[in-house]
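Note that chain A is present in both complexes that follow, paired respectively with chain B and with chain C.
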Partner chain A sequence: MEILVYGTINSVSLALMGLGFAMVYGISRVPNFAHGALYIICGFVTWTILQKLGLPYVVAIFLSLAVNGILGILMYRFILIRVRGMNISEIISSYAIGLAILEGLRYGGFRGMTYTLPVFMEGMVFIGGVPVDYHRIIMVIVGILLVGGLWLFTHYTRLGLALQGMAQDERAALMLGIDSDFMAMLAMGFGAVLAGVAATMILPLGNIVVESGYHVLIMSIAVCIVGGLGSWIGAFFAAFIIGFAQILTVVFIGSHFQMVVALLAIILTLILKPSGLFGQQKELEDRV
Partner chain B sequence: MLEATDLMVFYENMLALNNISISCRDNQIVGVFGANSAGKSTLMYSLSGIMLDIRKKEKMAGGERITLTGQLTFQGKDIMDMKPSDRARAGIVLCPERRRLFKESSVMENLRIGGYLATKAQARESLDYVMTLFPALQKMTKRLAGFLSGGEQQMVAIGRALMAQPKILLLDEPLMGLSPLMQATLIRAVKKIQEQSDISIIVSEQYARPVFPIVDYAYILENGAAVMEGTREELMDNPDVKSAYFGMS
Partner chain C sequence: MSSQTRRKERIDRGIKVRSEGLYALMSWREMAYLILPRFMLIAGLLCLPFLMPGMYWQRVISIVCIYAIVAISFDFLAHYVGLVCLGGAFFIGTGGYIAGIFNAYFGMPPVLTIPLAAIAGGAFCTLLLLPCLPLRGVYFAIVTLMYPLFMARIIEAFDIFGGTDGILGIDSFPSAFVEQYFVVGILLVFVFGLRRLVTTDMGLIFTAVMDNDQAVRASGINITYYKAMAVFIASAMGCLAGACLTHIYMWSGISQFALDFSILPIAATVIGGAGTLVGPVIGCLILVPVSELLRDFGTLRIVFYATILVAFILFRSDGIMAFAKRKYEQIERWTQI
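For the complex of A and B:
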């Protein structure tokens, strides 16, 4: 039961981390290596608004999500737009942006154990005899709502359908009047907001430290590779596989092997089925 | 309506389109015929602006240098440097070679993605129209586009292009690889589009025979140049055309 409950929680948090990365890659084919940095920056922005400006928590969250979205859009508009389509340059420039943000934050004094966000709701319940705090339950609910919402969005709205079309064949979408640069910019904004959502859900459970930016990046890449790059549904399922594998490892082997699971999953996937669970073979060549 | 003058396209130093001037008037069906590599697709890409996107991508990847020269006007406005998405918005919609459907989406989703530029009312109206034009699609709205037969896919592709509210529809080899029966069905549909709306159509095809009966005017391309042009009647009577494109002597 413990495994089931904590496996689910862990999986949902992995899915939250990976969704933004998967979405951006799926739509614009830009591997956003600044994803982890966007995640962390959202945490710090929320903290700053909450602690320095003294605004209510909810306002702080929505403000920082907006900041994140704008940041993503700016990043695309001024930097990535010039290198889109050139895989190596995309990786280098997005990783450079990520590094600059993360190390800039570290340099700016955002380090140590002093940065924490409050949980949404104190207290806990017992699910099948396992103690679970309310915040983690909220996280699971938000994660599942988010995936459901994304599914509805991409299948039933005009914008979502256009993004779906562009993800499959950018040029064909262009022939129908779907401006690919504009859509890629939107996708980047969405991805950044999703990174922010992940941050607001996960960060209150621990300290905000710069290092977790790298952790989030690795986890989202793992989730996306196992799920098949570009398929956010695949990423969601892969999050469950890796999430449960991690918890099983913690329970039966030892908690310091937890990180190895994700890396092992990447390697195994690349050996056994390079296109991932839901990816397509044709994407093999643009694998990172 | 759409007028290209002295259009030239180079891939590096290779001349893909050589001084082509073509025009399509309101509600006309114009045929563009020619063998493989005669420049049909290059022409279609140039008219729809996709060539600008190809040029941009090639330039970024350090690939072929593509040069475009000439004039292109649509409804009296110069569109030579207009982005492809803006051209689609203005009403030039390309239904590309090999259809390029969104294979992982259902037929209905393909059509609705096509309706990106349309208002809700327009989209509803166009959807009804597509369904009456191609009744066969009514039963397969939920199926994935990638699993349809070639003819069905082509119906979806034309339907998708119609959803984008075209003023001029560019059909690039719509009959490629289809059975004669399916070809006849599609050609009838194309004719119907012309009759029932004020859309102009440019259709390119390798074999003139199935398309010829519905065109008002046609161009024959060879090695990137328009070697012959004329109304259907003029070309029908031309002995060279007969032997080269109809297999008659």
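For the complex of A and C:
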């Protein structure tokens, strides 16, 4: 029962981390290695607004999500748009941006254990004999609502359909009058907002530390690779596989091996089935 | 755009055209023109240990050379074989650990451990990367980025080879001069050796694999074999650099798998000029001392070189080397349209 409950919670938090990365890659084909940096920066912006400006928590969260979205859009508009389509340059430049943000934050004095966000709701409840605090339950609900919302958004709204069209075939989308650069910019913005949502959900459970930016990047890449790069539904299911695998290793082998599981999952997936669980379209192109 | 009535025109210098091919042998001037850049590189690198004030900066020279070796191995793999390997730290760490193990546990001297680390480490890395060789592009980049992290976690989790403390008490080089001239010499051998290699038949196959691997396969050439060969060459170079690093610091540990060793060589390659094999050396000669100078600023130096990296990718994506080559070989002038 413990495994089931904590496995689900862990999986949902992994899914939250991975969704943004999967969305950006799926639509604009830009591997956004600054994902972890966006995640951390959202936490710090929320903290700053909450502690320094003294605005209410809800306002702080929405403001920082907006800031994150704008940051993502600016990043795409001014930097990534110039290197789009060049794999190496995309990876190197987005990674360099992420590195600059994270290390800049570290230099700015954001380190140590002092930065924490309050949880949404104190207290806990017993599910089948396992104590779970309310915040984790809210996180699971938000995660599932988010995935449902995304599914509805990409299937039933004009904008969502345009994004999906671009993900499937960029040239055909261009012919049908979808502005691909604008859409890619929006996708980047959405990805940044999703990273921010993950941050506001997960960060109150611990401290805001710069190192977790790298951790989030690795985990989101793991989730996306296993699920198939660019398929966010795949990323969601892969999050459950990796999440439960991690909890099982923690219970039966030891918590040191938690990270090994994720990395092993990436390497094994790439070797056995590079297109991942749900990604089909790139299979022929990227394998010899 | 109608207001623009003149443009810049680039024409090859006469001496460059005259010194092409066998005609270079006709005069000393043309030969000097050809030899000068190579000579400057060799002489400059050999003089560097003398010019440096103090022990500290001499140590920096050794570190520059080690980064440069990793950088040219990245450049070779990425631009002559088409495998973008973001895991320079994987090679450094493997080489470093092998040298450390043989030296500290079996008591072998550095003369034996360094070549051993290069060969065994190269074989080990190639073996581990073998299953990933069919991958290309983003996929290969990501999987190689994960390998060093994975190795570090494995060592941490199993608590082998000293665990998080690393292996201590490793022999150093006999003297500082031996250390510097050894790494400088190795670097020069690798730069000129690789330049030779990419023009041989084997180099031609490497380039062909990068351009169109299906065509190479259709010609009856085993591409996996050639990719494995290229990975072996590059990883042996990286492992050798790692072994030198271990002996310089007299320590090998998990931080040799850190991302620094993957990122800085790539940054140096981008800044120096990708695909030139000399560019990475120049990039390292600039980046590593700058990052040493900025050591007082702590992590701000990483921000600094990440910014330089992005700026170079956006505005000068061909790097310093291509710029210098253009200035050396061509004249520029404004012409009326």
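One rule holds in what follows: the second predicted complex is superposed on the first by the 281 of 288 C-alpha atoms of A that agree within 3 Å, B and C clash if a C-alpha of one lies under 4 Å from a C-alpha of the other, contacts with A are read in each partner's own complex, and residues count from 1 in each chain.
The rule is short, and it goes like this: a contact is a pair of C-beta atoms (placed from the backbone, for glycine too) under 8 Å apart; a residue touches a chain by one contact, two chains touch by 3 or more.
Model, not experiment: these values are computed from the prediction.
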Clash or fit (per the criteria above) of chain B with chain C on chain A: fit
Which of chain B and chain C A:I267 touches, first, second, both or neither: second
First (chain B), second (chain C), both or neither touched by A:I3: neither
When both partners are placed on the shared chain, which of chain B and chain C touches more of chain A: C
First (chain B), second (chain C), both or neither touched by A:V130: neither
Partner chain in contact with A:M259 - chain B first, chain C second, else both or neither: second
Which superposed partner A:I138 touches (first chain B, second chain C, both, neither): neither
Chain B versus chain C as contact partner of A:L205, first or second or both or neither: neither
Chain B versus chain C as contact partner of A:E103, first or second or both or neither: second
Closest Cα approach, chain C to chain B, once both complexes are overlaid on chain A (Å): 11
Contacts on chain A seen with chain B and repeated with chain C across the two complexes: 83
Contact set on chain B toward chain A in their complex: 48, 50, 53, 57, 60-61, 83-86, 88-89, 93-96, 100-105, 109-110, 112-117, 160-161, 163-164
Residues on chain A engaged by chain B in the complex (per definition of touch): 83-86, 155, 158, 161-162, 164-165, 168-169, 171-180
Residue ranges of chain A in contact with chain C within the complex: 31, 79, 82-83, 87-89, 91-93, 95-97, 99-100, 103-104, 106-107, 214, 218, 221, 225, 229, 254, 256-257, 259-260, 263-264, 266-267, 270-271, 274, 286-288
Complex contacts: residues of chain C adjacent to chain A: 78, 84, 86, 131-132, 134-139, 141-143, 146-147, 149-150, 153-154, 156-157, 213-214, 217, 223, 259, 263, 266-267, 270, 297-300, 302-303, 306-307, 309-310, 313-314, 317
